[in-house]
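First chain A sits with chain B, and in the next complex the same chain sits with chain C.
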Partner chain A sequence: MRNKTAILVAALTGLHLILLLAGFVAPYDPAAQNRELPYAPPTRLRFEDATGFHLRPFVYASTRVLVGDQAGSYQEDRTRAYPVRFMVRGSTYKLLGLHEAFVHLFGVAEPARILILGTDGYGRDEFSRVLFGGQISVAAGITATFIALLAGGILGSVAGYYGRWIDESLMGVTELFLSLPWLYFLLGVRAFLPLHLSALRTFFLLTGVIGLIGWARPARLVRGIVLSSRNHNYILAARGFGGSDFYILRRHIMPKALGVLITQAALLVPQYIAAEVTLSFFGLGVSEPVPSWGNMLSALEQYSVLVSYGWLLAPAGALIITSVLYGYLADALHSG
Partner chain B sequence: MSYLARRLIRAVLLLIGVSALCFLFTEMAPGTFFDEMRLNPQISPETISALRSHYGLDQPLLLRYGRWVKSALHADFGYSIAYNVPVAPLLWSRAKNTLLLTTTALLLTWLISVPLGVWAASMRGGLLDKAVTLLSSFLVSVPELVIAVGLLAAAVRWRILRVGGMMSVDFDGLSTWGKLQDILFHLALPALILVLCETAIIVRHVRASVLEVLDAPYIQAACGFGIKPGRVLFRHVLPVAANTAISLLGFSLAGLLSGSMLVEAVFGWPGLGPLMLEATLSRDLYLVIGGIMFSSLFTLGGGLIADIMLLASDPRIRREGSDAQ
Partner chain C sequence: MKRIAGLTLLYVCLLAGACFAAKVAPEAAKPGEELARMADVSGRYGGHLTIGQRSEPKTLNPVIATDAISREVIGRLMGDLIEINRSSQQTEPALAKSWKISSDGRTFALQLRKGIRFSDGFPFDADDVVFSFGVYMDEAVDSPQRDLLIIDGKPITVTKVDQHTVRFVLPRPYAAAERLFDGLAMLPKHLLEKPYREGHFAQAWSLNVRTSEIAGLGPFRLKEYVPGQRIVVERNPFYWKVDSENQRLPYLDELVFLFVGTEDAQVMRFEAGETDIISRLSAENYNLLSREKARIALQLADMGPSLEYNFLLFNLNDLGGKKLDDVSKKQAWFRDLKFRQAISAAVDRESIVNLVYGARGTALWGNVGPGNKLWINQAIPHPSRSIERARELLKSAGYKWNSTGQLLDAGGQPVEFSIITSSSNSQRMKMATLLQDDLAHLGMQVHIVPLEFRALIDRVFQSFNYDAAIMALGGGDADPNPEMNVWAYSGTSHLWHLGETQPATDWERELDQLMQQQMVTLDYARRKKLYDRAQQLIAENLPFIFLGTPNILAGANSRVGNFHPAVLDPYTLWNSDELYVRGPGLENAGVR
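Now for the complex of A and B:
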């Protein structure tokens, strides 16, 4: 069991590291449009050409061929091969949002392009957008979880520790929040906020709202733990030695609640990522041109796009990987 | 009886709390329904302020809340600004479609997941058990939106089933049998998605609760007395394990109105979900509040029904209830 947890934690760390270093891993600028390449299919990596087998993969440049007024198809130009190179110079980006950089993990020389997951309707590289969109979506999930656990932890421990009317009234409020249909309520709260906001402000409003709606369940869990350990002898002893309420909560009770809170976090993060994705999918979340998995998926609301350009389902794939890893981690933590 | 009465009073208090919370949020909200109108040069500011006072939006919060409560008691739940009709009939006309979808899904889910969960638990460690555990733990993790979009893509690409809305364009021309068939074909895919997501959750819980009872000493004793495994399972294990299932059924009933919102919006099913989405985008505030109230009503109702069923099925809870009097 412990082994399984370690593997899952390692995989998740790797995933988050890739998302964190999106600028470096992504070959292109996620916002750069290319009107020549709308809905370009994923570029094929090749190892063999007329001269034989190459260890270094290469790609062909492809151009759009218009057939009548159809969207057209893409044709590879096989006269020249463009080998894939590592640590290449490309568009500038800010590493971790701080350091100006222009080195990318991999790339090919212009005019060829390496489009691992094709392009969207504006010719933007889908792979780069999935990485940058993941930054937004996953960060939203983690921030919202942090807010929910912080609020839930504080209110839950206050309720459990002081008991009586504080406990009664706070638990009444948690029941109120738990009986709300949360997606409806989320929509409702979103309805009362201004629709058009800058991406950054939307992000913080959204995570704040998601987190504040979700505080009730962690609060109940923490309250239970605090309540059960409040009258243990070592707590009474600590109080006898003159320990303040805050000290006792922080030093003697919180460590017990930590395990439960971590398991909760593993459960809540994917749930809140899905919440952000859902809201953005409906056009109520982070808006273009900033990519998020939700607003990328909303391009698929048109059936024609859904049928013809399957690679645009990539954000859904990324979401599945993230959610399943978190879900298994929560399972492993819960049972281990 | 007083146990139920107490639950009922609690439910009413919760409903009052939910509505108060909604009104507090509207008070804090910066925008209104008329913001879009204000951008239109053809509509004068006087018209807008006249409309505002017509809908009572210029009144103080407490007065508005009072008027809304009065209208809720008349079963109107306020007035939709966009549709210009009372909220409750509008919600109900859409809620019928939602209920058609969700009750179908609910019945299928429970018909599948309870036997499957019990079966998997009774063959612990077997092939079926492993398959059920693996599949359900995967499905539980995958977000509903992804399942919906994925299945939609498959259905559109291979032209299986009918997607989009609830009826075909030529619906009115069909015979009664044809109409029924058409609705069924449209219903199949959204219902399938709901069933998949719900079954994964319920199977896990049913399996876990049956396993827990199977490990209890009195079950081992029963086996030791030579009672047949089938009889042990049905007579001694299941009645005890039913408590979890009943509480879960309460949650399922609670989600009848609100649980399918996402699927409805993706498939254009003309239920409550798309209506709420529209109301959100146009800031039709009483409609939003009405939708939240409607689905909270179901949530509380589901919990109440689960409580009554638990009371009926479990003598231990009955005794506790009368002790507390």
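Now for the complex of A and C:
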């Protein structure tokens, strides 16, 4: 069991590292439009050409057919191969948001392009966008989880520890929050704000709202644990020795709740990522040209896009992988 | 046992009734009936065609209908005195077989066809015409067509000369006045006079109207309405047009309008062969269908540029009294012609055509596009995109750039504004995203704010709380007159500066005069000259930054005959009387 948890933690760490270093892993600038290449399909990585097999993979440059029955489709120019190179110079980005850098993990020489997941309707590299979009979506999920657990943990323990009217009123509030239709609530909140919000402010608004609405469930869990351990003998003893309320909560009660909180976190993160995706899908999240999994998926609202350009489903795939990994982790933590 | 047998019998009868409901046969021509002969039309009788509509029509009342979906159905049921042939864009005699215009252009004498009847068999004459116009011009009815018939605040006078002659007197000369008659359906006085006199005209002819209570002069008449599902219209056996072999039109037994929901649902139903005709296709859906052509038998038509124009609009409204300091600060930029010229120069219209319209569209530099062959001013220049020229224009207007490339105005403020656009229109959303990138090359920071359509309209027309917007206008008729409300300073769609009490600038004054003048000029060449100058003024002063226009794309199942889509609304059904079903198996084609 422990082994499984370790593998899952390693996989998730890898995933988050890739997202964190998106600028380095992504071959292109996620907002750069390449208007000659709208809806280009994923580039095929090749090992074999007329001269035989090559160890180093290569790609062909593609151009868009403009007229005739095949208009809109792409044709490969097989006269010249472009080998895939590692650690190449490319567009500048900020590593970890601080350090200006221009080295990318891999790339090909212009005019060829290595489009692992094709391009969207503006010719922007979908793979780079999935990585940068993941930064926003996953960070939103984690931040919102943190807010929800922090608020839930504090309010839950206060309610459980002090009991009586404090408990009654706080739990009444949780019921109110649990019954809140959060999508409509957010639509309402958005209507009161100015037309345009910067990406950063939108991000904090989203995570704040998701987290603040989500605190109710963990609060109830923590309250239950605190309530059940409040009258244990060792707590009574600690109190007899003159331990303050804060000391007892921190030293004796919170450690018991910690395991539950961590399992909760593994459950809540994918939920909140999905919440961010939903909101961005409806245009309430970060706006163009900043990618997030949700606003990328909104292109698929159109039937013609959905049936013609399957590679644009990539953000949904990324969301599923992330959710499944977190789900297994929660499962492993719970049973282990 | 007996009861069950009885019930079964009842069901059998009902089913039989449904299956074998007699198709209405066209009436034989009566002597003295002045029918319109369409010399170049031929086809064959029978069958039905199905059309998918985005939603249910709101009403079947032609006087109060405002939405395109209602008008699509109503247009099949009703007839006009003079029609605009959607294919030639010229007027054609319809219920009026001929008309005379007095030399001063103010008096019209219309000769009605004799012996023709409404779809319920009741004869049509001058009394119906006078009644209809009375209803359209009645303030209490509040018809959207009323504005057209009130010229200079005075209504058109309509008088019956004899049973088949009607005289219209206009308060002043009005160019192309005969085009006004298109879209004014003639109403049956014998059915509508009672609700009109009793003051509940607006409730008449709702969707639930009994088929015996609605009649018109169109090729079809109402057969059934199933709420939430469909409207079926059947042949009007008394219709007044015949084909080249003197067979009475229409060819089709029935036309079925299915309510399918969304544009995408329309495409899916069409793809599945459940509907036969589709119009207003987006380029993406058109390309999708043309890939399907190998699998399903389709005829697709690209009719070339539409008359609609999409544009970027800056808020130049007078904001005095409104607390919108944020917007009014930016208006200093927007009011600067060089700023607008710079934006126009930076817009990559070619990419709009390619990426938004999938190469099935046309870039625009003025309000009249190449789809309007009669009125376009060919002299309007089409400068290609140039970031350098845009930068020069900005520099000469006192703008500068800081070290990070951000554009600053003369006061050192960074240039940053948002563009609102309708979230349900993916094409305009795409234009906004392209513009955002184009203007980033000038160092402008542009934000895109998708809004629900009603919220957008409210901001543009009421609260003026926006910086810039992407919208579309036009598309109704090729004539300049419907454009009056955009370019006349007092017009209701004078979007960049609504509610002006007098023209804010000299060029707006000149534009207003030109538009008013062309409206009373009867000679085409002189009118064209005036409108050319108006187009030139618009293109030079850029109240709108024109972007592009989509092609009119339509499709039909290949069994549809005489399918001739047009660039004017209604794009595909304007000749529904001439459409027919090709091929064998017609006997079964009518059975659903």
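Everything that follows uses one rule, which is that the second predicted complex is superposed on the first by the 317 of 336 C-alpha atoms of A that agree within 3 Å, B and C clash if a C-alpha of one lies under 4 Å from a C-alpha of the other, contacts with A are read in each partner's own complex, and residues count from 1 in each chain.
We adopt the following convention: a contact is a pair of C-beta atoms (placed from the backbone, for glycine too) under 8 Å apart; a residue touches a chain by one contact, two chains touch by 3 or more.
None of the values given here were measured: they were computed from a predicted structure.
A.B. asks: Please indicate which partner A:Pro181 is in contact with in the superposed arrangement: first for chain B, second for chain C, both, or neither.
C.D. replies: First partner only.
A.B. asks: Considering only touches as defined above, state whether A:Tyr162 meets chain B (first), chain C (second), both or neither.
C.D. replies: Once the two structures are laid over each other on A, A:Tyr162 reaches no partner at all.
A.B. asks: Looking only at chain A, is it chain B or chain C that touches more of its residues?
C.D. replies: Residues of chain A touched, chain B against chain C: more for B.
A.B. asks: If we overlay the two complexes on their shared chain A, which of chain B and chain C does A:Phe106 touch? Say first, second, both or neither.
C.D. replies: A:Phe106 contacts neither chain B nor chain C.
A.B. asks: Quick one: classify A:Tyr122 as touching chain B (first), chain C (second), both or neither.
C.D. replies: A:Tyr122: touches chain C, not chain B.
A.B. asks: Contacts for A:Tyr74 in the overlay, against chain B (first) and chain C (second): which applies, first, second, both or neither?
C.D. replies: Neither partner.
A.B. asks: Looking at A:Phe146 after the superposition, I want to know if it touches chain B, chain C, both of them or none. Which is it: first, second, both, neither?
C.D. replies: After superposing on A, A:Phe146 lies clear of both chain B and chain C.
A.B. asks: Looking at A:Val307, would you say it contacts chain B, chain C, both, or neither? Reply first, second, both or neither.
C.D. replies: A:Val307: touches chain B and chain C.
A.B. asks: Can A:Gly283 be said to touch chain B (first), chain C (second), both, or neither?
C.D. replies: After superposition on chain A, A:Gly283 lies in contact with both partners, chain B and chain C.
A.B. asks: If we overlay the two complexes on their shared chain A, which of chain B and chain C does A:Pro270 touch? Say first, second, both or neither.
C.D. replies: first
A.B. asks: Considering each complex separately, which residues of chain A are in contact with chain B in the first and with chain C in the second?
C.D. replies: Comparing the two interfaces on chain A, one with chain B and one with chain C, the shared residues are 195, 283, 301, 303, 307.
A.B. asks: Under the stated contact criterion, what part of chain A meets chain B in this complex?
C.D. replies: Per the stated touch rule, the residues are 172-173, 175-176, 179-181, 183-185, 187-195, 270, 273-274, 277-278, 281-284, 297, 300-301, 303, 306-307, 310, 313, 316, 319-320, 323-324, 326-328, 331.
A.B. asks: Can you tell me which positions in chain B touch chain A when the two form their complex?
C.D. replies: Those in contact with chain A are residues 10, 13-14, 17-18, 21-22, 25-26, 28-31, 137-138, 140-146, 149-150, 152-153, 156-157, 163-164, 254-255, 257-259, 261-262, 265-266, 276-277, 279-281, 283, 285, 288-289, 291-292, 295-296, 298-300, 303.
A.B. asks: In the complex, go through chain C and note every residue touching chain A.
C.D. replies: Within the complex, chain C contacts chain A at residues 264, 267-268, 282, 284-285, 287-288, 290-291, 348, 351, 354-355, 358-359, 418, 420, 423, 426, 430, 432-434, 436-437, 447-450, 465-466.
A.B. asks: Under the stated contact criterion, what part of chain A meets chain C in this complex?
C.D. replies: 31, 33, 35, 38, 66, 69, 71-72, 121-123, 195-196, 283, 287-289, 301-305, 307-308
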